[in-house]
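These notes open a run of structures that come right after.
You will see chain A twice below: alongside chain B first, and alongside chain C after that.
For the complex of A and B:
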């Protein structure tokens, strides 16, 4: 797995030099997330392992089918008939009619799903952006409509849990249709799961050290051992979801949005 | 020469085919033959295994998250092994090698896995089967230990995955098999934690708060209220032996599993393979555990499966039914032979005042029956004249009638229709504020009491499909109990007279609405 990611990083780094031609024209569609701290769901011991997160920009909306279509028009290697299977499994963009046609059942303004981590990363880099880290994503997603720490509000947690518990809908609605949070980011919960740059090792701790792999502590009753907040069920569900992925996997309910440093 | 050559060829061919045969026989000790497991939804169980050798068994199980009915008009998102709760029943043989294919449907929101308690190995297969939506995982295990085992999803947060319905049973039959029986059924208890209270209509999300408090609104058999009643009741015939594979998915509660009116002849406690106990009334089924019970059904009738932590049965849905058909055996069970007035004249409690529980102070106060037998008859006959002379009938006679009505209601009706007449949603219709009673009136009620009722009926918009046996009551008693239902339970001025009863009791045409 790690080798795979390394190889891909090499390829993508090379590729991103070419893709990065578009400057920051999407930045108006990004919102600023203030600096904060993120406490991983799982920690090694009782020492404070909170992670400081610098202020950063994140896309207001998840990336849409229409936006991703533009990307594949310009980057033929990410069309579904061309894509290297190492970078995207067979379900990649399977809801689209063909390489460059969405098809009548696909809402162009709905979030793009059936996207691999590699594809999401390539898209972000083509715009001079990147994927958010788990810490960044979690910080941005913690906010409800009126408060940067929405998890203090049990109703917000219950609402998220309810969405996570329902099967995904075949016909996703347009982005911006669920809710706008404190920072002005839309649909952080309630529409799709979202890729993060470090999904494969995040949340175990800031660094993997002696954790012994991402599946540690995941199953059955031991799932709560070492957890920092074992009442935040949605956090466990995100953790489990991320743990079940590999970078070339694609899923009907998994999309992404981009992030960017503040220079 | 040619003939010899031909003969030789024939011998060689026979030899080869014999060789192949003997070869396959010699391999039968090792599991070589691959078989696809037959899986069944509750309450059904795959056929007993006839093989006397271990095999490679392929199990394909699909995880699907879907909205379904938890009770009539109550929807819930179930996470399922095989599309229903509980998950499909798997039956294998001791020594089998099981190749397990877990498919997570592309529409799933979450990754899932399976921890089979029949597995010897880390996580019971949980890590090996951890599967993201739209993927499949394969792992294999050898069924080393026979017994009846629970399986469940073990993805974090595990309680939630179980609470939403991810559990089922796998039977590893011992090499020698289980003793043959006539009927086998799969019964799995579990509880559901909903935002709304029991019976609250509409879509109900999971309540994490109630789950943490271990305070469910629903405790059910086979995944929903009423999953094993009416035309979905378990069935058997008099003289048959019934085996129930009972599991408890939890996630929290321990079941006191009991079948009303039956005694378990044998119990394989906790799903083990030796009979640990005979002649058991109630057996404990731990959360994440099981039991196998067997009993002969000797008389016909309805036998109710309950969790004898009894409020769960009466108020939270833990009820199932076994309907046994066949001839009566009045020696084993007679039904009611006689119902007569008990005056209390000979009661040994005559000197106790029931309102205080203390002995009465003077002998003068000792309880005496209020009426002799003749007087009783006279009083009862007032029912028939009550309407005509309503103002003239004495208050004491009214109270006697009311008393008789209450007595009969309590002894014959309240067990199902509840002491306050509110019934039990989906199982027993209410007699209080019932639109069926409004529409069908005295005539309908008299006919139901006198002739019984079965089949579907809709009361206050809720469907019921159950059986009410004819009540063995006199005309007077029917009049009294129905007057009680009108006056005391429904606070109406309606009364039912003996004439009413005589007029309507032979009408067997009943409305289902």
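For the complex of A and C:
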């Protein structure tokens, strides 16, 4: 009788472990980022523009090729042969072999790139998530391995800058390969640039638009502009990068991860 | 004998738990699929009942109306974006509490309106999209229209969800950012969409010379006629 109880207990235990493990495959890991304040790089000097950020969840890893493939299987309109050019330019998923095949040269566990803002947003929404705001992303990315404010450490800033100066590699490594920060989020720097929900709030004129200077006639509210932190050069680069983006733009070094409100 | 029955019972328990696991998994999958289908049919039914003629397949590839988003006008009526099809649209994005740029932008659009003949105006509509959906209720938009003396037979003011507003702004290259004092920094761009909802011209900056914009509207009118 004892063996019987032992055996059935063992089986039940195994079954419950197997069962408990299963759902985690469906809910990709997210980590909690505590509430904080983000001060935008460029501010209007007449008002306080630091932004309060509520605690939120962010994906542990950037979204991978494999994960995005699942999404396009379910959503034919986001396959590369179907997608409307308004929502993703001609380089969209250009590293994939075809609509539903990654191909030999693509690491399924590497972050998906060549992805537009519209596509990233649609992916996030399909999972009941959203893209992080600039403020949220910057807050999460501020942390180094041991400290929520890694930027206080000049070595951390220097390390990020070094990553930016390296040419982006065609063969991206798997997610999780760079570093895990204080919050448990991986690869916030050093792997790919990432989309944010409100990248378009980086207000600079430019390109072919009118006179190219920041001008009250072009942008209301940015009459006087000053930088808040001249030491954080990588932050300037991200700001410049975001202000150059268009929502259908795709490039091989730009991916994304999702965020979510808490509860 | 005891051992044998123990094994049999153990096998039974194993089978039952496997069935339980499989059943739970599939039921989760099935229910999420049903949910997806529900969402899909909800979207389809709302749009097909709302719009009479315009279907997605009628839209050109470069039509901004591909967004197919739901908006609410200053009278509180629901309007699908595709309903803007058929007339040329002079559009910009505003927030009603705006004290500096938006009234000027609206005035720039009114200058365009004043320069067009009655004949030309028949094919043109003026649409303002809010970037401040939290405060710009239909009532607030109506009040803004009244304060600005907008002729509501030609002008409409629309609001939607934050996400749909961001999508439209992104397609028009319109940048905006909410400031701590509740105001918005934003691009000053007036966009001209043709009858199909394709972006054909943008006038960038406040109080600009409107001749080029007028030319685009008139030339397109001729082409359309």
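We adopt the following convention: the second predicted complex is superposed on the first by the 209 of 263 C-alpha atoms of A that agree within 3 Å, B and C clash if a C-alpha of one lies under 4 Å from a C-alpha of the other, contacts with A are read in each partner's own complex, and residues count from 1 in each chain.
The rule is simple: a contact is a pair of C-beta atoms (placed from the backbone, for glycine too) under 8 Å apart; a residue touches a chain by one contact, two chains touch by 3 or more.
For clarity, every value in this text was computed on a predicted model and none was experimentally measured.
S.K.: Between chain B and chain C, whom does A:247 touch in the aligned arrangement: first, second, both, or neither?
M.R.: second
S.K.: Once chain A of both complexes is superposed, is A:84 in touch with chain B (first), chain C (second), both, or neither?
M.R.: The second partner, chain C, only.
S.K.: Using the superposition on chain A described above, determine whether A:149 touches chain B (first), chain C (second), both, or neither.
M.R.: Once the two structures are laid over each other on A, A:149 reaches no partner at all.
S.K.: If you stack the two complexes on chain A, which partner ends up touching A:101: first (chain B), second (chain C), both, or neither?
M.R.: Neither: A:101 stays clear of chain B and chain C.
S.K.: May I ask you to decide whether A:161 touches chain B, chain C, both, or neither, giving the answer as first, second, both or neither?
M.R.: So A:161 only meets chain B here.
S.K.: Applying the document's definition of touch, where does A:200 land relative to chain B and chain C: first, second, both, or neither?
M.R.: Only chain C; A:200 stays clear of chain B.
S.K.: In the superposed model, which partner reaches more residues of chain A, chain B or chain C?
M.R.: The partner making contact with more of chain A's residues is C.
S.K.: After the superposition on A, what does A:117 contact: first (chain B), second (chain C), both or neither?
M.R.: Second partner only.
S.K.: Name the residues of chain A shared by its contacts with chain B and its contacts with chain C.
M.R.: 215, 218-221
S.K.: Which of the residues in chain C come into contact with chain A in the complex?
M.R.: Touching chain A: residues 2-3, 5-7, 9-10, 13-14, 17-18, 20-21, 24-25, 28, 61-62, 64, 66, 98, 100-102, 163, 166-167, 169-171, 173-181, 183-188, 204-207 of chain C.
S.K.: Given the complex with chain B, which residues does chain A contribute to the contact?
M.R.: Residues in contact with chain B: 91, 158, 161-162, 164-168, 170, 193, 215, 218-221, 223-224, 230-231, 233, 236-237, 239-241, 243-245, 249-253.
S.K.: For a test of understanding, state which residues of chain B touch chain A in their complex under the given definition.
M.R.: The touching residues are 64-67, 77, 79, 106-111, 113, 115, 123, 126-127, 130-135, 154-158, 160, 164, 205-206, 208, 212.
S.K.: Would you tell me which residues of chain A are touching chain C in their complex?
M.R.: 1, 3-4, 7-8, 11-12, 15, 18-19, 22-23, 26, 44, 47-51, 84-87, 117-118, 121, 125, 130, 197-198, 200-203, 205, 209-210, 215-222, 246-247
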